[in-house]
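Pasting the structures in now, so scroll down.
Here chain A shows up in two complexes: once beside chain B, once beside chain C.
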Partner chain A sequence: MAGLGSVCLVLALVVCAYGIGASLYGVRTSRVEFSESGRRSVYALAMILTVAFVVLEVAFLRNDFAFNTVADTSSRTTPAFYRAAAVWSSQEGSLLLWAWLLSLWASLALFLTRRRMRDVAAYATAILLGFGGFFVSLMVFYANPFNTTSPAPPEGAGLDPLLRFPTMMIHPPMLYSGYTLCTIPLAFGMGALLARRVDAEWIKSIRRFAFAAWLFLGAGILLGARWSYSELGWGGYWGWDAVENASLMPWLTGTAFLHSLMIQEKRGMLKVWNVSLVLATGTLAIMGTFLVRSGILNSIHAFGGQTLGIPFVILIAVLIAGSIYLVVSRREMLRSEHRLDSLLSRESIFLANNLVLVGLCFVIFWGTYFPLISKALTGQEASVGPPWFDRYTVPLALILVLLSGIGPVIAWRRATLANARRNFVVPVLLALLTLVVLLGAGVQQKPWAIAMFCCGAFVFGSIGQEFFRGARARRAMAGEAAPLALVALVRRNRRRYGGYIVHIGIAVLFIGVAASSSFQHATELGLSPGQSARVGSYSVSYVRPTATITPKYDAAHTGSTLSLGAVLDVTKHGHHVATLNPSEGYYASQEPSQGTVGSLIGGQPVSHVSMDAGVTRDVWTAIEPDIETPALKRIVTIGNRTLPPEDAIVAIGYLARAYLQHPPVAQFHFIDSPLVMWIWLGGLIVFTGGLVAIWPAPSAVRRRVTMRSRARAAHGLARA
Partner chain B sequence: MNPARKRTVRLVVALSTAVVLASALIYTSFSAASPALTPSQLVRQAQPGRSYQLTGTVVQGSVHREGAVLHFGVEDRVGGTAIPVDYTGTVPDPFREGREVIVTVAKQGGQFVGERDSLITKCPSKYTTAPPSEKQND
Partner chain C sequence: MSVLAVLLAVAVLAVVVFVVSAPLRTARAAQDAAVAPDAQEHLSTQHELEVAREAKYREIRDAELDYRTGKLSREDYDAVDGALRAEAVEILDRLEDSERG
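Right after this comes the complex of A and B.
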């Protein structure tokens, strides 16, 4: 099987090389059959990589430890669900996932454009196959997922327990889909510049892919935040970690592009800017991929100790140099057709939104790569922490949310006073009302959070008003009932109203971020059973310890041998709120030196967070039990000495009982955080809005069909 | 003012604003940054009140807890100078003796105090495969 996989990789490399040659030759000599053949090689690449991916997936599911990646990241004790996801937890497997997703998305993009822009598409084919070839050659020459060991080890090391979380199944594919989709606009943008066809058509044909990239990347980022919040024992969802930042940067420039592209469509402006954003987004996506794999920056998420740095640096340098050369050499063609008429117009608000987004991206870029920058400039590696990021990103985010309320309602070209009055009275009043209510409620100490709440109210006001007016107009015209009118309104103009829904979701999300970061209460302390602690307005008491021995599956179905936890009773003003059960899972290690008993629980311990999540607030708890007391250690030592591996679990049973009988002081981490749920809800709203906007409109489909039938009729007439 | 001149003025204003903002950003990044040091460098360079990113390995047998405070020693990767750190806040799951950690510390008196929640564990085994020397590829 491994042989089949390796053959697939080599074949994929050959197909990439052939496809690049064929499409370039085809477009240079105007021989369509060669560019066609180049496009088909992308389909072939997709098929070959699908076979390779299936081979690896089957190896994981069948516990084929002859595969090095399977032995390193999976085991018989890893539950099947996580074995399937373990494929992309290794460097090699994730490279394969990247290349595979790239080939699938590229096939889709080239299939959809097969009858249009043949020259642009041919260049794009070559560029996409270039990326494909790059990733396939990384696998062939540096990190082959099909390397095997003979004889196969009897058992694997198991999937890192931290990754045993349901989101793990979809977070990486989402993120990688986002990254790979970012390269499609880049390929078509470069193709358009190379073919000197920078009209609106290439923008139109990649719009949907840019949007899909944005949607997938956003969903991936949010799922990562969710994983961090509910799986890692620190209770945060964003830490300005290098890898998190790397995924946020292309998302920000992608967001900017989705807005400025509308100005190009409507007014023929900002062409240089748009094509630069597309190129920057694709390059940032590749840099994000690189950052995770090179180990150049400290990150908790990075794949450590690998040597993929140099090839990536070369690729990124080529991308940057190529982009700059193309944009500069084609600048005459990218002349704007119009000028900005007024600073108070939708164009300038969009421009401001673009500047803020790019500014945000620059801040994050500088902060993320600061260790490298400072090392280069001062010879001393230094890094900036979250406070530095917050200082710049908080005001910028505030402006961004405010603009997301202004942009949709301000007039194109030049806003008049009448237009302003018509559109802004309600939202401004709503924002002021929010301010008065908040100040009246005695919330004064957090000005940034209050400002964010007011901006959020402003957005709800302005977007809500748009929906209300649109629905009212439809009701007046068609006499539909209010809910029906609203649905019909959205259906008539999916892109516009989908965008509005996204804006509402963003406002909800940022309100959640502002509230949960500003008004959070956190406590860390040691408790014995019977003791309690206060966190915010809640009282949490440690009722009793819990212990579960699960040689195969623990309660969370993540495969830990032993799980020690606590039953916690959460009350507010004497009323019961929730019973929580945080625990810490102890996993088996592959270290024979830890002894027969010690190795059963000697792997990495992992917190299993328990929380009571609600719309208004989350009560979040985690426990760190003390498993190293002299009494518990003695059980392990005696067990190691006397028990053979097959009976070692008996000692774990003793250990669990001893822990329950004389529970030592356990360390707890409690967080009372308001409106965290709004972040996830906001994300869902954004996703829904995105889907509404991206879904092909029924009218457009119909139009295309009738056009085609008309063309067919004309063809028939001509023949007759 | 004619439109062309107006545009030039606008452009100049916008560009100057951008330059000022960018300089502020760059300036603060240098003043707010904490240098990344190994324990032996930290012993030589530490000034009270400044914060540093300490990178090193947790000393075997040095970890013990006193209430909310976690005490541990950090030594150079090759051993040698060890620095005792008093840390409060979240302890990442992979934190172990012998593991490589990064923690932001400041010198207070003779002690190094870890900044709350700044502890990061670099787990050498996470996501990575065993060194190629241990495997034979076929």
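Right after this comes the complex of A and C.
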């Protein structure tokens, strides 16, 4: 079946080449049948890549180790769920996932626009097939997921233990969906410029895809942060890693676009800005994909070994040069139709918001690529760490949260000062109250965090006021009960109130970030069973050691051979808070030099953290057992000398018993962190708000609304 | 490659050729192809005006909501609403001309 997969890749490449040619020929000669054939090439690409993906997926599920990628990243002892998801844990499989998702989203976008913007859509088709052809050609010429080895090895290397975590398996499909969805607005934007049809229609067509890209990217970023916090053993959720930053940058420019898009829809302004944002977002998405595979920057997320840097650099250079050329050459038709009516208007706030978001993106871009920039300029590679990023992003994030509270209470076009003052009373009072409470509670030493809490309170006040006043207005007009009025208000104004919910979520998320990063207590403890230590206001007692041997599966289905850990009792002011069970998993390696027993536990150890998560605080711990004591090392040495491979597990049993009977001092990393859960809750609220905003209104409601508005507009005409 | 793989590959190829070539073969595609560029331009202009019309209706509703939630004074609302309705009427007129012409 590997042959079928390879044939599919070659066929996909041919279809992409044909589709590009047909689309361009069709649009240049107005031969609609060729443009249509080009569009169908995208559907065909989706079908071909679905077959290819299924072939690879079946190979993983059936443990077909003739496939090199299956042998490298899976094994018979890997649980089925992780085997299914291991498809995208390798360079080759992840390229196939990227191309497949691109073909699916592109098919959807072109299907939905099949009766409109024929010339724009034809150019967009060619561009999307260009992307598809690029990724397929990477697989055909550089990293083929269907390469095989004969005879097939009897067993595979297994999935990297760091990836055996549910959110880590869902994270790539979400992130790649975000990246591939970013190419849809880019393709249509370029198509609009090429076709010289930069009117309202193309913007309306891509709005939902831009929003979907933003949602998926955001979800992917948060899932990655959650994995980092729950699995990596350092207790943090964001390390300003190059690949993390690469996914955040298109999300920031995408956020800016979703706001300035509204200005273009309403006022016909910011056309150059919007099309530039769309092109930049798509290009940054490709750059993010490039970073993971190029090897040019160090990252825990990067695929090691193979580098695909040069083809990506060429693609990115073409995108940047092409984007600049198109925007500059079409600048006359991108002139704004109106000017800003007033500085005190929602348009102005959105402009400020855009500047902050793009500023944030620039700071992160500079810091991320600084190693390359410094090497190019000085010959020496220098990098910047989290303190540098924090110094510039924290103030910008503060302004962003504040603006997210100001925007909702300012009217479009113009607002009067008196009105604005009246609308800010409640949010400002809430912010001041928060400040007084915090200062009264003795929280003084973290001014940035306090400022963020106050800005968050300001946002809650302004958004809460919007919901209250909106429901009250609805009740006055329709006579509905308050709950019904609230639901009807949101249903009839999904974009506005969905956006408000997103703003609430952002405020909740940033409050969580501020609290957990500013007021976290982290300590390293060395404890033996029976010992206790004080960590801030907590008392941590080492109750007893634990040891688990699972040749095939452990309780967490992670596949470790041996797991050594501890039971910790955490109390506060004499009251029991939590029981924690951190452990370290020792996995089999592929190194025969480690011996029959040593190779069973000689692979990369992985920390399995234990935490007690709550709305107000998380108590988190990781353990590093000492497996190198003379007594334990002697068991491994004797086992290596005397036991054949099939009996080596017996020595592991002795090792575990020795650890339980005479546990050495273990090192614990203990963290007490407030409001971490607000980060995940904030993300859920953002996602919910996004769904509300993107959800289409029922067509009957649309017709009624449109007719009423038309009648009122006509009535106004009669009045005038 | 196994026989099954070969058969599947041939099936995939056949479906691809059938799907991609359909517009080049069918009568409907020929009929569509007969639509003159001017007519295409006219349709595009009409779509554009319909999009602008929906956006203007949305603006009118937003302005009313801004007024009812206290973001606009009565005087400001009347001015903004009047301007928006005038713009809406202009779009409706252009749409009517486009439909007639």
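The definition used in the following text is that the second predicted complex is superposed on the first by the 698 of 720 C-alpha atoms of A that agree within 3 Å, B and C clash if a C-alpha of one lies under 4 Å from a C-alpha of the other, contacts with A are read in each partner's own complex, and residues count from 1 in each chain.
Heads up, the rule we're going with is that a contact is a pair of C-beta atoms (placed from the backbone, for glycine too) under 8 Å apart; a residue touches a chain by one contact, two chains touch by 3 or more.
Keep in mind that what you see is a predicted model, and the values were worked out from it rather than measured.
In the superposed model, A:Cys8 lies in contact with chain C only, and not with chain B.
Contacts of A:Trp366 after superposition: chain B is touched, whereas chain C is not reached.
With both structures placed on the common chain, the touch criterion links A:Ser89 to chain B but leaves chain C unconnected. By the document's definition of touching, of the two partners only chain B reaches A:Trp234; chain C does not.
Of the two partner chains, neither chain B nor chain C is touched by A:Thr180. Of all residues in chain B, only 3, 7, 21-22, 25-26, 28-30, 32-36, 53, 55, 65, 67-68, 88-94, 96, 102, 104, 117-118, 120-130, 135-138 touch chain A in the complex they form. In the complex of the two chains, the chain C residues touching chain A come out as 1-2, 4-5, 8-9, 12-13, 15-16, 19-24, 29-30, 32-33, 35, 37, 40, 44, 47-48, 51-52, 54-63, 65-66, 68-73, 76, 80-82, 85-86, 88-89, 92. Residues of chain A that touch chain B in their complex: 68-69, 72, 89-92, 144, 147-150, 157, 160, 162, 232-235, 298, 300, 302-306, 339, 359, 362-363, 366-367, 370-371, 374, 378, 380-385, 387-388, 391-392, 524-526, 604-607, 624, 626, 667, 669.
By the touch criterion stated above, chain A contacts chain C in their complex at residues 1, 3-4, 7-8, 11, 15, 18-19, 30-34, 36-37, 40-41, 43-44, 47-48, 51, 116-119, 197, 199-201, 204, 265-266, 409-416, 418-419, 422-423, 466, 469-470, 473, 476-477, 493, 496, 705-706, 709-710, 712-714, 716-717, 720.
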